Structure formats: C-alpha cells, structure tokens
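Multiple structures are listed underneath, in structure tokens.
Paired with chain B in one complex and with chain C in the other, chain A is shared by the two complexes that follow.
Showing the complex of A and B:
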C-alpha cells in the first residue's frame, strides 16, 4: 500500500541528535537561505497574498464601477445584511453550502469510511478498487456537472430510461428542472465525486494502525465490531478531522460544480445557488455600480469564515491528540 | 449483543458468505463510481439521433463524428493545447521555486523562517480563488489579462503551499550529515543543493508535479474571469462555452467531456502511486 507515510519511511535514518546548535542549521548561510526562498516568496506574495489582502481592502470602500470611491468602513457589510437582493440571497446561498457540507460529511464518514474499512481487510485487489473509486474525484467538477446534466436529461437521459426499463416510470422526472430536486442532485453528485478521497485517506490511516492492537483485542474475546468501535475508530479521529475539515472547505467554496448544473444564477429559481456563485454574480454580472465593494465584502466574509472554522477544528484536534500522548 | 455473537459464530462457520457480501458491496460501489464515466465514453462514439432513439443502446460500427465536431469545429484542439501549456508551465514553475524554498525552510531554524513557513502553509486552507477580482486588476496592470502567461503565474503561485508542504516534510527526513560531509569536501550551498539533495528528493518532486497537475488542469474560475478570447480558453471554460453553443449536439457534448477527461485518466493510470501519495499527504503530519 502506497501512501504519504512513504514520506516518513523511505529515507534511511533520521538525523541523530547532534550536539551542534539546533538554532541556525550550520549547513546554510543566511544569504544562501534567502536566495533559496526568495523566488517562491515573490511569486506567492505577488500572485496570492497581495490579491487576498487587496480584496480585504476593497471591501472597505464604496466603488463606482472600477473607480474607487470613498472609504466606507463597514457599510458594504451592513448592506449585505440589510439590503435587497443580498438579504434574500445570502442566507439562501449559505444554507445550500451548509447542506452540501452536511451531505459530504455524512457520505464520507459512512460510505467512505465503510468502503475504506472493507478495502483495508481485503488481501488482494485493494489498489484496483482504490483506483476505481478515486476516478470521479480526479475528473474536473465542470465535466462532472455537465456529464450529470446530460445523464439526467428529461429527453434522452439514461437515468430516466433506466427507470422506465425496470418499470419505475413514476420515478422519472426533470431532476434538474425542478427546484425541489435540483439541490439534492448537486449534493448527491458532489458526494459521488468526493468519496474517493476519504477512501484513500482512511485507507492510509488504517494502514498506520498496528495490527497487534486488533489481534490483542481478539485474543481478549472482542468481536470485530467491538474492536472497530473501541480501537480503530478512536485512532481514526485525526483522519476523520482532516477529511471533515477538507469537506468543509470544499463545500463552502464550491463553484464549478453548481455553476455547471445551474449556471451563475443557480437555476432553477436559485435552488442551487451557493456563496461562490453569489460572489461571482455580484462581482461580474450584477450591473450594480458598487459590485467590487459588495463582492469583496462577500469574499472577505468567506475568507474569515472558512479559514477560521478550519483552523479552529485543526487546533482543537491537535490539542486533543497531544493530551492523549 | 446476542446478535453480534450469533453473527460472529455465523461468520466463523461460513467464512465465504461474509466474503461474498463484501465482494458484492465493493463491486457494487465500483459500478456506481464508474458507470457515469463509462456512459460518457460510450455515448461519445454514438450519433445524437441514436442517443434520442435509444438512450441506453450502443450501435455498431461506432461513430467518430462527435470528435470531429468537437475537435475541429468547436476549437477543442486549441483548448486542449492551451490547457497543456498552462498546466505544464505552472506546475514546472511552482516546483522550480518550491523545491529550493522547502529546502531552506527545512534547514534554517530561525523565527523568520518559521513565520515564512506558516505564511506559505496558510495557503492550504484559504479559499485563494475568491481574490480573483484583485488578481484580475493585478494582471491587467501587467498587461497579462487574457494571456496564458498570466494564468501560469497565478496557478504557479497557488500551487506553492501544497508543494512546500510535501517537500519540506521530505527534506526534514534527510540527515543533515550528508550536507555536512559535502561541505567538508568543499561543496558550496548550491552544489550541496543541486548535487546532494536534489537527487534524494526525486520521489517527493514527482508527487508534487503529478499531483498539482490535477487541480490546475481542472480549474474553472480563474480562466473564466482572466481569459477573454476563445483562442486562449482552457478546456473547462471551453467546455462551458461549448455547452451553450452546441446544446443540441449531445454526442459532441459527450466527446468534449471525454477530451477534457482522458489526459487525467491516463495520468492517473501511469502515476497512481504519486497521485495517491499526493492525496494522502495530509496524513504524514
């Protein structure tokens, strides 16, 4: 089984604790270190950090088209929570992101974890199944969205024909044309696409659990189910946190998948709208003269919310791990 | 508890029954996972009229008309080349700058260097593409809007956090004694880096190159905003235009999806090891 732990296991030995100063790694001078770091720092600073800080700054000004107007402190943020159309669209889009997250986390920790566990106990063919399960995860979200749009088409979609072929015509419907089913399609398809990742990650984590633990438990008379819940599951908590944090980030910033299902307006009738689509509309499609200010306010709130929750979950997890150690 | 007990006994008496169930579950899910992709491939070799007549069928001989339409009339040949240029260019650029940076981060233990590392790694959790608007104005001021070069810079920068994360972890596992020995033999810092360290981190470099290929190839928002003329489109944006213009030529739509997907499938099959290592890199920490 190949996984990230190869990073920790291939190189021969760890550097032995030597008596030299641990502070300044003697092997490298300050000038050399700077030369090594500088190209990456410049590229990252100019094309990633600067735009993020700029978006933050944009959000505190009122804009007139592309011309920056007066400093407006929080008025863009206030407008976001008080004025139409933001006040109707923001909670709806946010709710859809949350549903996407709940769907992802439930699917990944039941189907994903279950399949990873079954694969872990498999003697042969493990990598074959892993490869098959991971395939959808690697396909572009745009391709996945358009593919399922075609598969669910009311005129020639294979799914409705399949239902008809097995005598379940009643189940046929325009899945993506109906506001009551469209969001569920997005959630299920996202689950279908993302499940390969937890299968791999849980596979790697299960591979890291010493087999002796299970053997000892079974000698003590524990059933497979008991040792799963008493031994395996607690040891998987760090992996479950990683999977959940990534599912959170993915769900909150989802753009390409909902876009390819319902376009930038989240059709039908806004039923597939999410925060990133709203951001995109306000920035590029709204016709509002303060589009830059308002969309930057949305972007800033999303930065803070996504980064804040992800960091919080990671830090809490680390603390717990350290306490156990 | 009694049910657990009896199922345990059952399992012992008939070990094959459990295995059959496991096999059915595993193969069943593989079917769910692959059928949509399989239909995509099969339908791209059919004619639209046949798709309408018989959504679940397959005709013989297969038809390549859909690919002719997508590749020639709908400009997929140029989308494809643009995607290759942007992906290869940005992955190579980000790896070229990330390898030395990760090396320095792993070897220099000063406060400033730890801060640098934290700043780089924070990029792993930030939804950086939400800064697409300032990115647009930045590229505009450099004359790089609607150019592949602008996109290459943006992707190279956004790939740096992951690359540094994986490479730093790898460099930290390599004993410093190696460099010290080289130093005693008179090798300068750059000789030590290129001649001693680079050959040792090849597996991690392979992981980073192969794995970053996937999100860059698939990305949609940046080209949607930063590119203007269809001659410069990458595959995801080209696809979204295609779906608007050719919305009734269904088999051509399937062919377009296949064109955008095949390179990744091939990459995955030839470099499964690197992709899986990249996907599970979070576990090494």
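Showing the complex of A and C:
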C-alpha cells in the first residue's frame, strides 16, 4: 500500500494541487470524506496509536509486576544505557540490526534491481520468474527460518552432506552454531526471502518509464549501459527510496526470522541478537518485576529511531528526486 | 425465484443460530461457569477428562478449559489478569513467572484458605510463593524432575549397566562412543536447555540444597570450587555430545534419541510421554547423574522444580466457586487423576504412581532431591541466572570460555541485584 502510493505520489500530487481548491468541495462533501476515513482512523487509533502512546507512557514509570508504580521520569532509559545486562546487549543488538539493514539494502538494490531489470527485458516467461522469485516473500518468516534451520542442521542437514558428497568437506560447518557465521546466515536468508519485493516494485517502476526515452537515446547513439545509468536509474530513484526506507524499517524491527534461527536469546551466545528479541526477553522472559517499564523504554527508543530515520531519509530523497525532475 | 432462495437461506441460518444458542439453565440459580486458562495446548483433552470428574461431583458447575499457545501465553495472561473478561482460575508458571502477578495484586492469596496446602512439600510450594517468602498464591499441580534417560536396549547390547559413579558414567559414554553411536543427545542451539542440562549434570557435584543455603546466606558464591567443578564436569561431557553441539537443535537431539541413534538423553520428566508416543518400542530407563571429581560429597542427587500452579484471578466475580475448584486441585483425588492422565509427577502428596519410570523419578527426588537453583532462586531480576547461563554455557561448549570464567560471569551478573541474607 505504502509503496504503490509513494511511487505514484509525485505526479498525482502535482496534478491535484492545482485543482484542489476548486474541485474538492464539489467532488465530495466534508461529511462524506470523513465517513470514508473514519473506519480506518478508528482501527488505526485503537490498534496502533493507543498501544503506542500507552507504551510511551509506561516507559516513564517503574513497575511492580503488572501494577504501575511510581513515576520514574527517565530512569528506565538511564538504566538501558548504564546497567548490565542492557549496556552490553543494547549496542550488540543494535549493531546486528544495522548489519541486517546494510545486507538488505545492498542485496535489494543490486541483486533485486538487477533481476528486475533483466526480467523487464525478458519477453517470455517474465511473470513465471516474477512469481518464482516472489514466492519466499509470501511465506511466513517463521516458516522460512524453520526450513533453513533444517537445511543447515549439522546432524541431519542436507547442505553439509552435499558438501561432503562433492568432496568439499572443508566447507561444511555448523552454520547456525558458530557465532562467526550465524548472523551472516540470517542476513543471507533475509535477503533471499525479500528479493521478490524489490523485483515487484522495480518491475512496476520500470514498466512506468516510457519506452520512447530509451528509443530516443538509442537513436542518439547511446549504449544500453549508458541509457541505463543516464535514463533508467534516475527515473527509478523514487522506487529506490521506497525500497530502501522499507528495508530499513523491516531490518530494524526484524523479529520472526532471527527468532526462528536463534530463539529469544539470539543463539549462539547472542550472536544473532537483535533489538526486537531483546525487547521480547525483557518484556516476557526476564522475570524482572520492572519488565514492563524497561521493555516499553526499548520499544519507545526503537520507534523514535526508526520513525526519525525513515522520515529523514524520505524527506532528503524526495528533495533529490524533485531536483532530478 | 431469488427471493425464495433468500428466504430459505435465512430460515436455515436462523435455525442454525437457534441450535447454537445456549439452552439456558436447567434448574435453580446456582449454575456457575468457571473460565480456566492454561498454556498446555497439548493436554486439553486430558484436562477436560480430569475436570469432567469434578463437574460430575458438583452439579451446576461447568469448567471452560481454555488453552493458549505457549509462545503467546505471557501476553495473553497479562491481558487476561489485568483487564476485564479475564479467567476465573489460571494455571500460572512458577517462581519468577508468577511473581509479577503477585506483585501486581492480580492473584488471590491462599494461605489459611486451603488446609491441604499444609501437607505439601515446601519445595513444591516455593514455586507459587511470593518472592519475600510470605504467602502462597497457587496450588502447585506438577513438579518436573531432571534425569538422564537411557535406551535400555542399547545399554544391554553394549553390556552396560546404569552407572552409579562418575567413572562408570564416563566408561558408559566411552563404550557408546566406540560403538559409533552418539552417547549424549544434547541440542545446544536452544539455549534454554543448557542451564537445565547444567543442573542435571552438576547438582550432585556442587551439593544441591546445601550449596543453595550457602549462596542465600552469603557463605558461598558461584565461584565456589565445587560449583566450578560442576561446570567443568559439563564441559568434559562435550566430546560425548553430537559434533558441533551448539548448532544442534533441541528437536534434533530428541530425534537422535527417539530414532535410537543416541544412547542417552539428559532431560526432564516432561519428555517421557513424548518419547513414548514417538517411538513405542523405545525401552526407556532413567538414572540420576553421579557426582563428578571435585564434588562436595559422593551422594547422587536428583533435581526437581515446581512447574506451575492453579491460582485465582483477584478480579473474578466467582471467588467462591473458584476457591472450591482450586481446593479440589489440592486433593489426592486430583493428584492421582493428574499423575495417571497427564503422566507427570504430581505436587500433591500421597499420589501413587503406576508408571515405573514416574515412580522411580519421584522416589529418587523424594529421597535425595535438589533444587533447580537458577530457576528457583535467581530468576527474580535482570540479568537472571538462567539468562547468563544461556549465553555462557553456549560459549563454554564453543570453547570460547572456561568453567571458572562462566562461574565468575554468573556471580558478577547475579551480584548486580542479589544480596545474601547474612
């Protein structure tokens, strides 16, 4: 929903701004407009806005189990940055989220974009491949994680047996049991699962670029390479913004995939720990009586960071897009 | 024509609705429905059959047993107990898991209301007692006992017997290893299994309840030589576990044992019925792990812990009926039904076990019981004892740390919030 909206928003906005003042009143009355917006607004308020504001409020109190205790101002936040184990776990988890994001943005904007471009030029079988590439994206991350743990298992997993069968025993290792490989497995599998999403999005954006531009360029003697970098890529910037911002949001709040690989502790030895897992542990696994206060503080910080960066990135990129136009 | 179809459909639907509607109270006004929430989705039928007995003895009482997915249980229970429309009676997990609800005033205090609780083993009651040791808030229903399961057929084929000393235990491992099989089915990727494995292996070595008293009164720390010896013992067993054990999942370890590719499985009484249903031909035996070198005594201990209890929601408007039900949980009738149906050690005193393994486990625990120390006493604050050991024991098995460093980390982490009583 968000993506389609963002991809097309610029032209749509341009056409509507000039007419808005005259046309809106006639097209739809204020009451009618509100009636259409209301159901979505109510659902958003009850299921998104209220819990978010509540968690924000909770984070300023110290809790005795499920009962709210004294107002604690920022002490939960201070604890997050000064007290063990948070002081060790928070930077580590945050670093893993950043690595996930870097992996995602690099993979989606190179492999994802490349595949989308190739598929766009493909005359036959385009839809077949689009569907195939998108399939993992349609499967729940928990299922994806579980299947990959089976494939990579050191006891029964086929991957290590495969390496052994082709004489490459040296390559076989406990992929998810070794702290130096486990996070890379999560990053690669996340990339594999998500590659269908940029393919769809870039595919749609490529379809929106008029063929005349390419034709004109080739008449002027531009090579395919030149016209890709001079014409196609600049016109894809809005889509790249969308893909990157969404990759950022999903990477920062990743939960299901890391959880299905490493459980709530980020096995092995915390090497796949991410912020959401840390939140989950503090909220539901710790047995600490101030679990609600501390976990709300983590959730609030996550929200502020994700929301802030996503907004900033959108604004900056949008400005650049406008400059290109 | 369309109208006729529509009308028929509507009549059919209204008929269905009428069929669904409750038929109303049959007599009197004392009919009561108790909503009971649990996390044991796998045991719904078993619990229903147990509560059928109660419903039969108490006409007019209906028990709605509702089980929720264990991964979402924590959230659901918090919502249920703090909001309206929650359960009347809940099954709650023990120790640090029940404490937030006790502190929050969500559960009814049961001291003096259920006489039968006086007969319970204090170790079992500890799981549903407030952290300050004052009051009891739940009737414990199950204790879990840690043990070493072994495959009797494999042992017989290799000429092995149940080990009674550490040397015999190591010899048994060596013999199995030499035969090409995995001696110990352990899944180290699921970190939560490791603190449990540690106490299973090390309790006899560090001295169970005596050590606990020393830790609580401050005369001992986790850096005690006997405690380090226990961690060392676990580390020495690594060569008998599957290769790259930190990459092996708990379910894979279970599979190795069920498929008779591994001779032993260190686990808890909660595994038994799963093993038996998965492979009915599996000839199961159990033994407690003997004390390793460096132990405080050569006595073999058996670790057990309170699993959960039945508690009453303080916000329920059916307090009387709820108390009646929870009082029944404390009777030998429920305990016996629970042991026979759910096939786990009951916390109710005086239960007779027909199952030989269950009997052996409960006898061993009654004779020489030890606490699951990190669960029973060190799960009150962050970082909890199990949180620290989840990570440090994986490091130990990965070879990136050693036994005394693990002990130091544990002591250091616990010290941030725990002060001994002395």
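Please note the rule applied: the second predicted complex is superposed on the first by the 282 of 325 C-alpha atoms of A that agree within 3 Å, B and C clash if a C-alpha of one lies under 4 Å from a C-alpha of the other, contacts with A are read in each partner's own complex, and residues count from 1 in each chain.
Just so we're on the same page, contacts are C-beta pairs under 8 Å (C-beta built on N, C-alpha and C of every residue); 3 or more make two chains touch, one makes a residue touch a chain.
Small disclaimer: the values here were computed from a predicted structure and weren't measured.
**Student:** Taking the superposition on A as described, I'd like to know which of chain B and chain C A:310 touches: first, second, both or neither.
**Tutor:** first
**Student:** Check the residue A:41 against both partner chains and state whether it touches chain B (first), chain C (second), both, or neither.
**Tutor:** first
**Student:** One more residue to check, A:284. First (chain B), second (chain C), both or neither?
**Tutor:** Both partners, chain B and chain C.
**Student:** Does chain B (first) or chain C (second) touch A:155, or do both, or does neither?
**Tutor:** Once the two structures are laid over each other on A, A:155 reaches both partners.
**Student:** Of the partners chain B and chain C, which touch A:102 in the superposed model: first, second, both, neither?
**Tutor:** neither
**Student:** Please work out whether A:78 is in contact with chain B alone, chain C alone, both, or neither, and reply first, second, both or neither.
**Tutor:** neither
**Student:** Touch test for A:233: chain B only (first), chain C only (second), both, or neither?
**Tutor:** Once the two structures are laid over each other on A, A:233 reaches no partner at all.
**Student:** Taking the superposition as given, does A:200 touch the first partner, chain B, the second, chain C, both, or neither?
**Tutor:** first
**Student:** Considering only the contact definition stated at the top, list the common interface residues of chain A for chain B and chain C.
**Tutor:** Comparing the two interfaces on chain A, one with chain B and one with chain C, the shared residues are 66, 153, 155-156, 283-284.
**Student:** In their complex, what parts of chain A are in touch with chain C?
**Tutor:** Against chain C, chain A makes touches at 64-67, 83-86, 149, 152-156, 173-179, 262-263, 265, 267-270, 281-289, 291, 294.
**Student:** Going by the contact rule set out above, which residues of chain C touch chain A in the complex?
**Tutor:** So the residues of chain C touching chain A come out as 74-75, 78, 81-82, 95-97, 99-106, 188-192, 242-249, 252, 255-256, 379-384, 387-388, 390-392, 394-395, 398, 400, 413, 416.
**Student:** So in the complex, the part of chain A that touches chain B is made up of which residues?
**Tutor:** 2-8, 10-16, 18, 22-29, 32-37, 39-41, 43-44, 46-52, 54-55, 58, 66, 111, 115, 118-119, 121-122, 127, 129-143, 146-148, 150-151, 153, 155-158, 160-162, 165, 192, 195-197, 200-201, 203-205, 208, 223-226, 239, 242, 245-246, 249, 252-253, 255-256, 259-260, 276, 279-280, 283-284, 292, 295-296, 299, 302-303, 306-307, 310-311, 314
**Student:** What residues of chain B sit close enough to touch chain A in their complex?
**Tutor:** 4-5, 8, 11, 22, 25-26, 29-30, 32-34, 36-37, 39-40, 43, 51-52, 55-56, 93-94, 96-98, 100-101, 103-105, 107-110, 113, 116, 119-120, 122-123, 125-135, 137-138, 153-154, 156-158, 160-161, 164, 166, 169-170, 173-177, 179-180, 183, 189-190, 192-193, 200, 203-204, 214, 217-221, 225, 235-236, 239-240, 243, 250, 253-254, 257, 260-261, 264-265, 268-269, 272-273, 275-277, 279-284
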